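I'd like to ask some things about the structure below.
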Amino acid sequence: MDLEVLFSGQLLIAALSTGSIYALVAVGLNLIYGTMRMLNIAHGDLAMIGAYIAFWMFTEAGISPFLSLPVSILASVLLAIVTFQFLVKPVMRSARMRDQAEANSLLIFFGLAEIIRNGSAAINTTNPRGYQYLDQVLHIGNAAITANRLSALIIALVLVIGITLFFRFTTIGLALRALIQDRTAAQIVGINLERIFLISFCLGFALAAVAGGLVSMYEQILPFMGFPYTIAAFVIIILGGLGNLTGSLAAGMLLGVLETFGIALTGPSFRSILIYGVLILVLLFRPQGLFGGRRVAAR
Amino acid sequence: MIRGLDKITGTLLVALFALIVLWPTFASNYEIGVGFDTMRWGALALSWVVLSGMTGYFSFGHVVFFGLGAYIVAVTWLVLPWWGGVLLSGVGAGILAIMVGYPCLRVRGPYFVILTFGVAELVKFIVINIEAGLSMSGRMLLGGPSTITLYYSMGVLAVLAFILAFWVRQSRFGAGLRAIREDEDAAETLGIPVHRYKMTAFVLSAIIPGMVGGLFVIRGAFFEPPNVFDPRVSLTMIAMAVMGGSDDPRGTVVGVIFLALLSQYLWANFPQLYAIIVGLLLVIFVLAAPDGMWGRWQAAKRRSRSMQTQDS
Amino acid sequence: MALLEINNIEKRFGGVVAVRNVNMIVNQGERIGLIGANGAGKTTLFAIIAGNQRPTSGTITFDGERISGRRPDAVSRRGVARTFQIVRPFGELSVMENLAIGAMFGARQERSIDEAEARASEILKDVGLTDRAADFASDLTLAGRKRLEVARALATEPKLLMLDEVLAGLTPSEINEAVAMIRDLQEKYKLTVIMVEHVLRAVMQLCERIVVLHHGEKIAEGSPEQVSSDPAVIEAYLGTSKSLGTSRS
């Protein structure tokens, strides 16, 4: 193992690349979980959908993955609306359901994830897909990175920062933050819960789909590729704090660093082991996240 | 409090037991296999209920015990008699449960769900890497016992799982678990040793799936990690329990029979659609009948009973 | 020997001090009132005694044994029971089951379900919930749930019963009923009672000794008459004459 590699900018850039995508996915999940307290286990699979859309549009119609992003967004928003209408609203409507909302939503999203994953396997087959786009190698200092990764990195960062600003400086963002803090209080001051839920749901889905579209340029595309992103997003939410979007950015980058450097030390087949390992360690030793706040685990 | 069996259910269960015992005498080899699989799901789903149905801690990674049991049998195949490997699988699964349960049970709700799923995937990848390191791309398990022996062994596990789930539900322990499900902090304040109870439920729910995994891999005579650590096993267990009724083992049995028969049909005719349809069914049932078919029936019974007393 | 000894309890949540320098003694058979403005630290103190929270410093001794820092179920087994300010019934279980669970655990540790239900029936009679025994706890009215909360705590067979604002939200006649019920229960089951309350007239009626908390510290202690004429208490509740704009102090 070449120790020099460890300290090169190479790994750092790779870590940023991975981290920015993770942060993007995490922000979406954070929105949904923060406002609705529903864990969208299907979240990573939305990225998978975005990836396949980009793939098919590029290989069948020659459309650049950047240009197919709006299509991914549209598709995911449509899916979000349908899911919200038929799966989420019924759970939140009946009083009895609401008590068990968390449990029921877990099962429902689990079912949804299975439907999406296996539906994708049926449509796309389980053969790994990929395509070449913008894969010229650029040099920044002594680090090398492909143009597609770099552009994905930039777009992801822009989006995450943009959403964070949106969160902070707009009325809707304020409503979302209020909702994450205290649902009852938010209702009392007149915030229309259902509308805000729908917005955060659609936004969350869209962000995941965009992330998928971006990674499709340089990652292998498989029907079951989504789950590691769900896990990563989850780790990030725990580390960065529920509802804390800036925290998601920071934690996303941290996870990117951990994973990239971890793989450099051990090997690519250890990627999953690393992520799950981090998840377990975090829940064991730092369940309140990096920044404290709402406690997740028992003492 | 929850008590014994009413006459109807009791009779039905005895009939079911008789069916299980007598099945191989008139069924074809294929049908004995169906029986084996159905009882396999029964043992798995009922074990899952002991933890997740009772405490509300949904384990989405329960396949890990199944897979580990399979692995233990595969690895000890040439060293131990088959039933020794199976017993060891149960022990191994229990030990894994202790190791995993301690950290996992400290978190609740969706965190627990993700964590258990993550642990299952983690163990899967570890086993894959170990096997790759040993240059094994799969293991053959030749010279195992007959189908009939395996059938009755699985029958023993299925019956044990039912008895366990039933006993837990009726016991003081089970009352404590249900209190934990309702409100864990209030339960602890009332004197329930929540941590110990959760761990116990977790370990109890792991042992039988471990042995089931062992029997499964013996029947297939082949061990391959992705096969035995398949998340769809967890999905199916959960779907059966939810559709049948995850509070009551009798309901779970209903769910098992329903989905097992449906699965046989789907696997034979539309294998690609299997998980899609199970996922769809799960969603529909959670929305329309969250207490499962059994819960629905019980609620209807209770309503008609209260209406009767109103009339009188 | 006192039943409950609270020594120098302090509790911080990050930078916020919820409770500071609290010392208190409760003797067997007493009825103690714990009053103070919202945020004074009363419920936090309850949580610390019952084990739901760990104190930052200080100790609590119950019946000669140290209970501070122990888990709630261990504290409950020693004979301390509490109700919650916002009631927490086991909604999907029946009223009878709620109580039976209390009897099976807590200090009583009843092993037989039949015996547990027998004790539950007894208590149901005392709180007037016998005809609701088979109903789901979530079907009860608020007043019913409050009774359930008290009854369930009682089922654990405690020596010390801590009631957290059980009278909140009740109508005046319901309050009278509740006060009478608490008195009867205390006598019948030989309890020691600490009650956090805002309904001052009930506290004055029921309690022989009152402890006043303000901003997490004990500012007064004594009989109802002593406490209600204590200038520090009056200032805490009503403010000084300056802020009131009158010449009364």
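Per-chain numbering from 1; labels A, B and C assigned in written order.
In this section, a residue touches a chain if its C-beta (ideal position, glycine included) is under 8 Å from a C-beta of that chain, and two chains touch if they have at least 3 such contacts.
All figures in this text were calculated on a predicted structure; none of them were measured in a lab.
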By number of C-beta contact pairs, the top two chains: A-B
Chain located farthest away, centre of subunit B as origin (C-alpha): C
Length of the line joining the C-alpha centres of subunit A and subunit B, rounded to whole Å: 31
Distance from subunit C to subunit A - Cα centre to Cα centre, in angstrom: 46
Touching two or more other chains - residue numbers and ranges from subunit C: 91
In subunit B, residues with contacts to at least two other chains: 195
Contacting residues of subunit B [partner subunit A, same complex]: 56, 58, 60, 103-104, 106-107, 109-111, 113-115, 118-119, 121-122, 125-126, 129, 132, 195, 232, 235, 238-239, 242, 272-276, 278-283, 286-287, 290
Sites on subunit A touched by subunit B in the complex: 33, 39, 41, 87, 90-91, 97, 100, 102-104, 106-108, 110-115, 117-119, 121-122, 227, 230-231, 234, 238, 269-270, 272-273, 275-277, 279-280, 283-284, 287, 296-298
List of subunit B residues in touch with subunit C within their complex: 1, 172, 175-176, 178-179, 182-183, 185-195
Residues of subunit C touching subunit B in the complex: 50-52, 71-73, 76-77, 81-82, 84, 88, 90-93, 96-97, 100-102, 104-107, 109, 111, 113, 116-117, 152-153, 156
